[in-house]
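Here come two complexes built around chain A, the first alongside chain B, the second alongside chain C.
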Partner chain A sequence: MPTLTIDGHTVHADHGQFLLAACRSAGIQIPTLCDHPAVEPYGGCRLCVVDVTRPEWNGWCKMVVACLFPVEDGIVVHTASTRVIEVRKVVLDLLLARCPDTPLVRDLAARHGILATSYVRNQQPTDCILCGLCTRICDRMGMSAIGSVDRGAGREIATPFREPPAACIGCLACAEICPTGFIRYESGTARRKIWDKDFDMLRCPRCGRSHITVAQADFFAGRGGVPRSYFEICDVCKRKDLAVAATRLACATETPAR
Partner chain B sequence: MRIESRQQFDTAVAAARDTRLSKGREVWVCCGTGCLANGSKAVAQAFDDRIREDGLQASLGLYHKTTGCHGFCERGPLVVIQPEGLLYTRVRVSDVPEILDRTVRNGEVIPRLLYKDPATRQSYAKYDEIPFYKHQIRVSMRNIGRIDPEDLDDALAHGAYAGLAKALFQMTPDQVIAEIEASGLRGRGGAGFVTARKWKACRKARGDRKFVLCNGDEGDPGAFKDRSIMEGDPHGVLEGMIIGAYAIGAHEGYLYVRDEYPLAVVNVQKAIEAARERGLLGTNILGTGFAFDLRISRGGGAFVCGESSALMRSIEGRTGEPRAKYVHASDKGLFDLPTNLNNVETWADVGAIIVNGGAWFAGWGTERSKGTKAFSLVGKVKNTGLIELPMGTTLRHILYDIGGGMLKDRPFKAVQTGGPSGGCLPADKLDLPVDYEILSENGSMMGSGGMIVMDDRTCMVDVARYFLKFLSEESCGKCVPCREGLKQMLLIFDDIVSGRGKTGDVERIERLCQGMQLGSLCELGKSAPNPVLSTLRYFRAEYEAHVGRKACPAGMCRDLTAYEIVQESCTGCHQCPKVCPTEAISGGAKMKHVIDQAKCISCGACFDVCPEDCIRFFPRAEAKEAAHANADH
Partner chain C sequence: MGDAMSGYSCVDHGLVDAILERYPREEPSLIQVLQDVQRAYNFLPCEVLTRVSRELGVPLSKVFSVATFYKAFSLTPQGRVIIKVCTGTACHIRGAPLLIEEVQRRLGILPGGTTEDAAFSLHTVNCVGACAMAPVVIVGDKYLGNAKAAGLAAHLTRGE
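Let's look at the complex of A and B:
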C-alpha cells in the first residue's frame, strides 16, 4: 500500500489510485473542472496541479496534475505551494477571460481572489470551458456523436460537419454532465431536441410518462441481451414492479412461518 | 531472391557492388524535392535518353542514376560526376549533351557549371572541397545523394544493411543496446533523450507484443532533414528500425510520415516492399528466425501530432491529441502496449553505429552530446541548406564557414535554433558549441536542428510574435494554459508591435510564460514561451522601446516606423520610386527624392533597394511629434 505525505499528513493510498482521490480522501480540497467519476481523467483544465517531490530530490519538485498522476510510495505532495497557487490563478484568470459571464468560472476565480480578468475579455462570451466532459461521456456511452473540432483557441465542441449528429440517441448525458449548462436541449412529452436533432419520445406503457427517446430504446435493445420491452417501461414503474415483487416475496417467505 | 544466411548476404552485396559501382564514370542526378522543383526530373530524363541513344552505357561503362537530396537545394538541379566527384550546379536540359561529351567522354571540367562561392567568387570543381560540404561529417545522411533510393541493390552496394547483418549474425540484443549506449546517441527529434536508456526500458517492459515507431512527422516550419533522409535513404531508416526492434524484442512497427511528404511516403513504401522481398524485413529476417514487419501510417500534418502521445493516438486512428505521460510509453504506448519511438534521424544513425562501433560515433561531440547532428540552415546566410556536423561545432563555424557568412554582409543579429519553440541567441553566444545542455542553458534548444539566421533588419519582438502565432495555431486546444495563454499572449504582442503596448505588458507576458511552462499538458505548451523568454533575455531593450517609446529599433514594425531620404546623400539614382508600392516617393531621375509621409506605408522597399544607404528609418512617433510642432508654429 503506497504511503505518501500530502501537505504534511501521512496518507495511505490504494495501488493504481490517482493522486486527486488520495488527496480528497485525506480531506484536502483541490479545485477541478474537468474531473468526473463517470469518465476517465483528462487533464485539460490544469486546476488540479500539485507539486510532487521526494526527500532525495533535494528540494526539486515536479508539477503534475493530481487527477492523472498515479500515487507512488514515498512521494511528498504540496497542494498549495506558491507556484501551484500561481498556476491555478493564471488558469482561472485565463478562463475568466474566455467565460466572463459563467457563474461557475466566476465563483471559482473569485475564491482565488480574481474578480476580473487581467487579460482581454472574450468578445463572444461562451459558457463552454472545453472540459471535454460531454465528449467523454458520449464516447463512454458508446455513441461518440459529438467531438471537438478545430485546434487552439478555435477549438469547439460540435457535431460532425456541424449537422444533426447521426449517432446521437438523445440521451442527454452530455447536457447533464456539462458543469456550466452550456449544452441546451428541449424535452417535452412527445418530442425532444438536442444538437438540432429531433427525437420522438417513448411513453411508458404503465404510467404514460415520456421517459426516454425511441432512439434510446432502439439503441439499448440493439445491443442485445435484453428485450426492447424492458426499456420501454420507465425507471419509476420498474422500481415499483420491483417493490411489488419484493413485498410478494417477503409475504411468501413469511406465510409458511405462520 | 530472399537472403537467408550470412553467406548469401555477402554474396548479394558483392553482386550489387559489381553491377552498381561502375568502373567507368557515374552520373548522379539529384532528384530530391528541392531539385525536382527546379526541374531535375527533365535533366535526369535527358541523361537517360542521350545515354541510351548513344549507347554510352556499354561503350564507356557509364552508370547513371537519380539520387536523393544533397542538401544544397538552392543550387539545384545538381549533378555529380564520379569518380572525380565533380559537382555541377543549376544544370539545365540543354547542358546535358555537353556534360556527356566533354566531361563524361573526355574528363573535361565545364567551368560554367561549377559552384562559385558568392563570397570569394572562387570556383570549386570537387564536391568535397566546397566549403558547404568540406566541414560536414555525414552519418545519418551518409548515403543520401549517393544512392538511388529506389534501388535496394544500389543501397546494398553502398553499405546498407551491413549493420543489420552484423547485429543479427554476431550480436545479442543486449550487445546491440550496449553498442548504442557506448555511442552516446540521444534522440534527434527534440528532447535529446538517451536512446539506449529508452530501448532498455522497452526491452525490460513486460509483454510479448511491443512496437517500434519512427517519428517522421517533422512539423517544424522550414525543417526538412527527416524528409530528405526518408526520401534519399529510406533503407537507412528501415535498417535502424529493424536493429532497434531486434534489440527491444518487437515484431511490429510503424513509420509515421506526414501526408505533405508524398515522395517520402512513396520511397519508404518502395523500400519496405523491396526489403521484404529480399528477406530483410518480415518473417525470418536473413534466415535468423527474427521477425519484424513495418507499416506506414500517414499523419494528417498537424504539428502536435509529432508529440509522442499524440502520434500514438493518431496511429491508433483516434484524434492526435497529447495525453499525460506519467506512465512511460516503454510500458504503455501504442494501444497501451510497450512502445519505443525514435526520430527518423535517430534511426538513421543506428546502422552506422553498429557497423563502426559506438566508440567511433562517440569520437565526435562534447561530453554530453555525442556524434553528428543534421541541421537545416536557413535565413540570412549565403549558403543555406541541409548539413550534418559533429556536435560541439560552434555556431560561428556553422554560420560563417559553412553558411558562408551573412547575406549581403549585413550585421548578424541572432540565430534562432530548435524550431518554433526554440530560442534566439545573440552575437555574443556565437562561440558556444552546439550541445543539448549548452543550448538549453542559454535559453534555446537543439530541437530537431533548425537554424534560422537573422540580420540587423529583424525585430526580435516580431520574431517572438511570429513563433507565438505559429504555436497558437498549432496548439491542440485541449488544455487551458496553452490554448488560452497563447491566444492572450498573441493579443499582447499584437498591441506591442502596433504601438498599443502598455506599461506592465512585459510583466504580464512573463507571468503567462511561467503559467504555461508549469501548467501546460504537453511539451508544446510548456516550451511555447521559449521564443518569448529568450528574446526578453537578450533583447529586452527592444521590448522596452516598443512599449515605452513606441519605437521599433530594427525599423521593421510598420506601425512604429517612418522612413525619410537623407537629402545630402541622395544621388537621384531613381531606384526607390520604382519599388515604392504606393508611389509615395517624388522626384525624377537625377533629382533629390522625397517620401510623402502621408502615402508611405513603411514597407521598407526603398530602404532595401537604395544603393547609397541614404534612406533612414526613425520612430513614427517622432514624425508625428515633428508634424505637431510644425503645425503649432
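Let's look at the complex of A and C:
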C-alpha cells in the first residue's frame, strides 16, 4: 500500500489510485472542472495541479495534474503551495477570458481572488469550458455522436460536419453532465430536440409519461439480452413493480414462519 | 440520385477503395488513410469520411475531430497546386506580406482561397523551419528560398 504525505498528513492510498482521489480521501479539497466519477480522468482543465517531491530530491519538485497522476510510495505532495496557487490562478484567468459571463467560471475565479480577467476578453463569449465531459459521457454511452472540432482558440464541441448527428439517440447525457448548461435542448411529451436533431418520445404503457426517446429504446433493445418492452416501461413504474414484487415476496416468506 | 449535402456527391469511390486496401481496418490506420485520401482527392469529401469511419470502425465524430485538427487536412476542395507563403517571424521581416500580395494579385484569391479553375490554392503558414532562406514560398512540393515577388510569376503559370 503506497504511503504518501499530502500537505503534512500521512495518507495510505490504494495501488493504481490517482492522486486526486487520494487527496480527497484525506479530506483535502482540490478544485476541478473536468473530473467526474462517471468518466475516465482527462487532464483537460489543469486546475487540479499539485506539487510532487521526494525528500531525496533536495527541494526540487514537479508539478502534475492530480487527476492523472498515479500515487507513488514515499512522495510528498503540496496541494496549495504558492507555485500551485499561481498556476491555478493563471488557468482561471485564462478561462475567465474565454468564458467571461459563465457563473461557474466567475465564481471559481472569484474564490481565487480573480474578479476580472487580465487577458483580452473573448469577443464571442461562450459557456463551453472545453472540459470534455459531454464527449466522454457520449463515448461512455456508446454513441460518440459529438466530438472536439478544430483546434487552438477555435476549438469547440460539435457534431460531425456540424449537422444533426446520425449516432445521437437523444439521451441528453451530454446536456445533463455539462457543468455550465451550454448544451441546449427542448424536451416535451411528444418530441425532443438536441443537437438540431428531432426525436419522437416514447410513452410508458402504464402511466403514459414520456420518459425516453424511441431511438433510445431501439438502441437499448438492439444491444440484445433484454426485450424492448423492458425499456418501454418508465423507471417509476418499474420501481413500483419491484416494490409490489418485494412486498409479495416478504408476505410469502412471512407466512410459513408464523 | 439527388444528394442535398453538396456538389461532391459524385466522388470516385474507387480511389478510397484502393486506399483502404492498403491498411488494416482499425483505428490506428486513421491518420494514414486520411492523408492518402487528402492526396488522392485534394480534400476530404464528406462521403469519403463517412465511408472511412464505417470501414475502420471509428465513430464519425472522431474522424471529424482528426480531420479538423490537422492543418494538413482540408474539408473543402483544394487547387491542384497549393501555394504556401511562410509568415513566420523571419519571413515576415524579410517581405512575406509583399509575396502574399503578389500571389493574391496574380491569382485573384485571398489566403485560404482556391482559384475558380481549381488550379491553385493559397495558404499562409507559420515558420516552415527554413528561416535561413527567408522569405520562403512553397509551390506544390517546391521550396522557393529568398523568394522575390518579381520571381513568383514563373511559378504561377497554369498547365505544364
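Just so we're on the same page, the second predicted complex is superposed on the first by the 258 of 258 C-alpha atoms of A that agree within 3 Å, B and C clash if a C-alpha of one lies under 4 Å from a C-alpha of the other, contacts with A are read in each partner's own complex, and residues count from 1 in each chain.
Following the convention adopted for this analysis, a contact is a pair of C-beta atoms (placed from the backbone, for glycine too) under 8 Å apart; a residue touches a chain by one contact, two chains touch by 3 or more.
Remember, predicted model here, so these are calculated numbers, not experimental data.
Superposition of the two structures on chain A shows chain C clashing with chain B. Contacts of A:Ile146 after superposition: chain C is touched, whereas chain B is not reached. Of the two partner chains placed around the shared chain by superposition, neither chain B nor chain C is touched by A:Leu104. Contact with neither chain B nor chain C is seen for A:Cys61 once the two complexes are overlaid on the shared chain. Of the two partners chain B and chain C, more chain A residues are in touch with B. Shared-chain residue A:Val90: touches chain B; no touch with chain C. In the superposition on chain A, A:Pro160 makes contact with chain C only, not with chain B.
When the two complexes are overlaid on their common chain A, residue A:Cys237 makes contact with neither chain B nor chain C. Look at A:Pro70: by the touch rule set out above, it reaches chain B but stays clear of chain C. Overlaid on A, the two complexes show chain B and chain C touching the same residues of chain A, namely 147-148, 150-151. Residue ranges of chain C in contact with chain A, taken from their complex: 46, 49, 59-65, 68-69.
Chain contact summary for the complex, chain B toward chain A: residues 302, 304, 319, 323-324, 326-327, 472-481, 483-488, 491, 508, 511-512, 514-516, 518-521. Residue ranges on chain A touching chain B, taken from their complex, read 43-46, 49, 63-65, 68-70, 83, 86-87, 90-91, 94-95, 97-98, 118-120, 130, 132, 147-148, 150-155.
Chain A meets chain C in the complex at residues 135, 138-139, 143-151, 158-161, 165-167.
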